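Okay, so chain A shows up in both of these, paired with chain B first and chain C after.
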Partner chain A sequence: MGLDYQWVLWNKHKKTYDKVIVFSMLLYILVFVGVTLVFKPETSIETLVIRAFGSLAIIMLHVILIIGPLSRLDSRFMPLLYNRRHLGVSMFIAAFIHGGFSLFQFHALGDVNPVYSVFTSNMDYNSLTNFPFQVLGFLALLIFFAMAATSHDFYLKNLSTKTWKRLHMLVYLAYALVIMHVFLGAFQQDSYVATALLLAVGFLVVALLHIVTGIKEVRKTKATKALLEDGWLQVCQVSEIEEDRAKIFTVEKERVAIFKYNGKLSAIHNVCKHQGGPLGEGKIIDGCITCPWHGYQYLPHNGQSPPPFTEKIAAYRLKLVGSQVYINPVALAEGTEVTPIPCNHE
Partner chain B sequence: MSKKDEFYVGYLDEVGTSTRKRLKRFVVAVLLLVLVGAGIFAFSQRPFKNSTFELTQETEIEGIYHESPYPMLKVNLVDKQFKNVILLGFGKSNADPYLQDIKAMAGDIMNKKLKVKGNLIYYNGKTLIQILKPENVTIVSDDVIPLLPVKTVGVDIFEGEVIDPKCYFGVMKPGQGKIHRSCAVRCISGGIPPVLATTDDNAISEYFLLTDLEGKPINEAILPFVGKNLRVNGVVEKMEDWYLLKIDTKGIVYTHKTNVYAANNSCQSDCASLHFREAFARSH
Partner chain C sequence: MASGLLKAHTYIWFVLLLAVPTLMFFSVRNLNFNERNNTPVEESEIVGDIIAVDENPQFRTVLYDSPRGRLLELVVKQPLQSASAILYPVVDGERAEKSLGQISTQGSHTFLVEDRFEQFQLFDPIKNEIIIEIEF
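Entry: the complex of A and B
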């Protein structure tokens, strides 16, 4: 949460996170260069750079892709999600070094523009064996560039969360392009079982984690029960909601989080205004609903961020009949005051 | 604090014990992945050729200039032993732009002795030189020195890959195969002579400068075939340390392996009487 924009709002955890990123990247490059110079000493410096940074970027991409599902499956992985953008930008830098060197090495200093050359030097688009694999890598790099360039909250705010999210979901398209780029390029020329296996295992881990997370998400979100009179929906017993936590329900195709705190109940839209984080998986801290992804906060009774912040989300009306909680499925205007309902008998 | 109560907020210093443990394990796993991944990717590379590109070192050579059909310098090594050094320009271009000044000044330079300064590229008995400036080419003598005639060896079929000799013989590693195809296309499109690189079952390689049937440069027509495994038939000629192969691109066939001189018994009934391999064996 910020009122003005800075390059990075540094804090202790971000610094630690970035130190681990830099250390891991340096370690990878050193080991790759060391092993190559010992076992394949006839290599050239350009090839060394292209291969070291290309393979590093692939490994980083896999780590990035597993962080999302891991943190949904186990909240103890949530700190990895908190600063994932720095990991994404670092991965782009590695991919850019790989792509930049390749573009210069293979396409520059020739008789046509290097970018034009990427698309036209090999025209076997209808052949899997001879497919111009560099085009796939180039397109993936463009996506990574768009993601890295818009990774700052400034773009998140100005592009709108929805557009930003859609843009950043292109990472899955980029991942598919990268996998094809490697299998139709490097692996076709230097076919080694170990590298192919490493990438196949990586793909399986990414795919399985996403599938398992998807199944868990569907199960976690409770469908609301039959419509009662006056348009109120029966959702749950008060006892089903833990103190300072929420339960998530689907109401009129929207996810809604019902929080219990200080003997009261409040309902708000489940989607954080920042990056669309699941507020219902958050916690009440200092009287505010706190998003589990980046700590954005909202007041439970009106969906407004505490002053001086200005984010607002929709609130919902609740009523209690005995110990049964009901919700009015009509979303109120963002930031509307709704008196919390007491649930003291719990 | 129980696991359920642990709630991480990035801008607060506090991190739950269970979360901290889980993160440490994750970082250890990532570091292991880094070590194993770097080791596997680095080790799983084909050995590189011991070819050389003297990028930072310039050498001056002297020899007789000729275009057969690509610009070369016939350099006298020792008594009556010659090497034809292919002349190249900077980047992915041939030597033509660097020879224009001397041609404008001295007229026809064919078969005249020139001095050329540039970066040497060499591997497996073949040598090329990259010229960086037109002033690095000077004329030594206006005398026209006749060259030995090119000998016809015969007609044969070869399997191999069309490469650009600049990258293959030193500038790039690897300078062949699918990864390098685009670069080879750019080089040959830029005027660098196309060469058919063949390797036999004993890993012995031979190289053929490709021309059309009239012995003229074939750069444009050969582009769709560059960097692929091919079977090519044509007329073989020998020009001291280089073979020339005169081909018609219509007769090129794609194959799946890079191998050899002609498949066994490849000499068809319409082959020239002198089989290349026999001639090759004699010439070595």
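Entry: the complex of A and C
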């Protein structure tokens, strides 16, 4: 969280994380170059650079795409999610080096604009086997550029969370373009079963992780649909909520998190104002609900970020009958004060 | 994550899970995953009688009859305009399915070839065009 914009909001953990990223990227490039020079010494420097950075970008893209579902399945992966943005920008740099070298190597020697050449040098668009695969990589690179360029919180704030999120969900389209770029391109030159299998397995792992996580969330939502009683929804027993944690429910098509803390219960909208993070998967730190994605904080009894911050989310009314928790499904205006209900008799 | 966003993510991945493998299948089913016809030959192994030579300002190609079998040496004299070039034997006027190898740099590239091959083709898969046809 920050009141003004800085290039990077550094902290000790981010610095360590970034060092790990840079070291891992350099190590991969060195290993790739070493192995290639041993087994295929005839490979030219240009080809080596293109392939090393291309394969590095693909591996990084797979890692980026599995961080989300992994952190939803196991909270130990949350620190990776918190730092994922730097990994994304680093992946774009690797992809840009790959794309830039390819553009120069394959299209800069002609008498037409290299970008025009990418789209027109091979017009076999009707064939899958001879498809101009570089076009797909170029389009994916444009998406990655748009994402990297707007990754800063300045754009998140000014584009609005909804627009920003939609723009960044284009990563899935870019991923499909990258997969086809490799299948249609690299294999037109050197067709190795191992490479094809590796990429197919990578895709399956990423896709299945996302689908399994999605189904799990939907089931959880279905299981928590509650009985209606005088406008109040019966949601759970007090004992089902852990101390300083929340349980998430779907009411009126919105997800709501009910937190238990200091012998009290409060309910707020589950979606963080920053990037739409799941607040109910976070915990209470220093009296504030803390988003597991990027640490944005809200007061549980009114959904307001503590001063001097200005973010606000909707709060909900709760009532307790015996040990049974009920929620009023009507969201109150963002930042509305709601007295927490005591739950000491649990 | 909001309910709508969660649903959108799940639907997108269902679509990708169906579309990408389908495209993968159609794109690889015509590819040749077998080993190349031949592996490149070391320069020290290029010994034997010259059967035929073909030369132009950019390439010199020599067909040898060596103790290891028939050798094809392709010498790239000037840098290639095509960044990607693959050498294929030509059989009955058609480019063979299996390539001899990739030509990526200036200099000599030598391959062990079958006796029946007398025609070859250097092909650019990116621009989908023939760079040169060699016939002995």
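What to note about this one:
Everything below uses one rule, namely that the second predicted complex is superposed on the first by the 336 of 346 C-alpha atoms of A that agree within 3 Å, B and C clash if a C-alpha of one lies under 4 Å from a C-alpha of the other, contacts with A are read in each partner's own complex, and residues count from 1 in each chain.
Keep this in mind: a residue touches a chain if its C-beta (ideal position, glycine included) is under 8 Å from a C-beta of that chain, and two chains touch if they have at least 3 such contacts.
The structure displayed is predicted, hence computed values, not measured ones.
After superposition onto chain A, the modelled positions of chain B and chain C overlap sterically.
Within the superposed three-chain model, A:Val20 lies in touch with chain B and out of touch with chain C [touch as defined at top]. Once the two complexes are overlaid on the shared chain, A:Phe77 sits against chain B while remaining clear of chain C. Of the two partner chains, chain B is the only one touched by A:Leu198; chain C is not. After superposition on the shared chain, chain A has more residues touched by B, the comparison being chain B against chain C. Contacts of A:Glu240 after superposition: neither chain B nor chain C is touched. By the touch criterion defined above, A:Glu337 lies against neither chain B nor chain C after alignment on the C-alpha atoms of chain A. Of the two partner chains, both chain B and chain C are touched by A:Asn122. In the superposition on chain A, A:Pro278 makes contact with chain C only, not with chain B. When the shared chain is aligned, chain C comes close enough to touch A:Val218, but chain B does not.
Chain A residues in contact with chain B (one complex) as well as with chain C (other complex) are 42-44, 46-47, 105-106, 109, 121-122, 130, 132, 134, 188-190, 192. By the touch criterion given at the top, residues 1-10, 12-14, 16-17, 19-21, 23-24, 26-28, 30-33, 40, 81, 83-84, 86, 102, 104-105, 109, 125-128 of chain C touch chain A in their complex. Listing the residues of chain B that touch chain A in their complex gives 3, 6-13, 15-16, 18-19, 22-23, 26-27, 30-31, 33-35, 37-50, 90-93, 172-174, 177-183, 185-187, 189-190, 224, 227-228. For chain A in complex with chain B, the residues that touch the partner chain are 9, 11-14, 20, 24, 27-29, 31-36, 39-40, 42-44, 46-47, 51-52, 55-56, 59, 63, 74-80, 82-83, 105-112, 117-118, 121-123, 130, 132-134, 185-186, 188-190, 192, 194-195, 198, 282-283, 285, 290, 292, 294-295.
Only residues 42-44, 46-47, 105-106, 109, 121-122, 124, 128-132, 134, 165, 169, 172, 175-176, 179-180, 183-184, 187-193, 196, 200, 203, 207-208, 210-211, 214-215, 217-218, 221, 250, 253-255, 270-271, 276-278 of chain A touch chain C when the two sit together in their complex.
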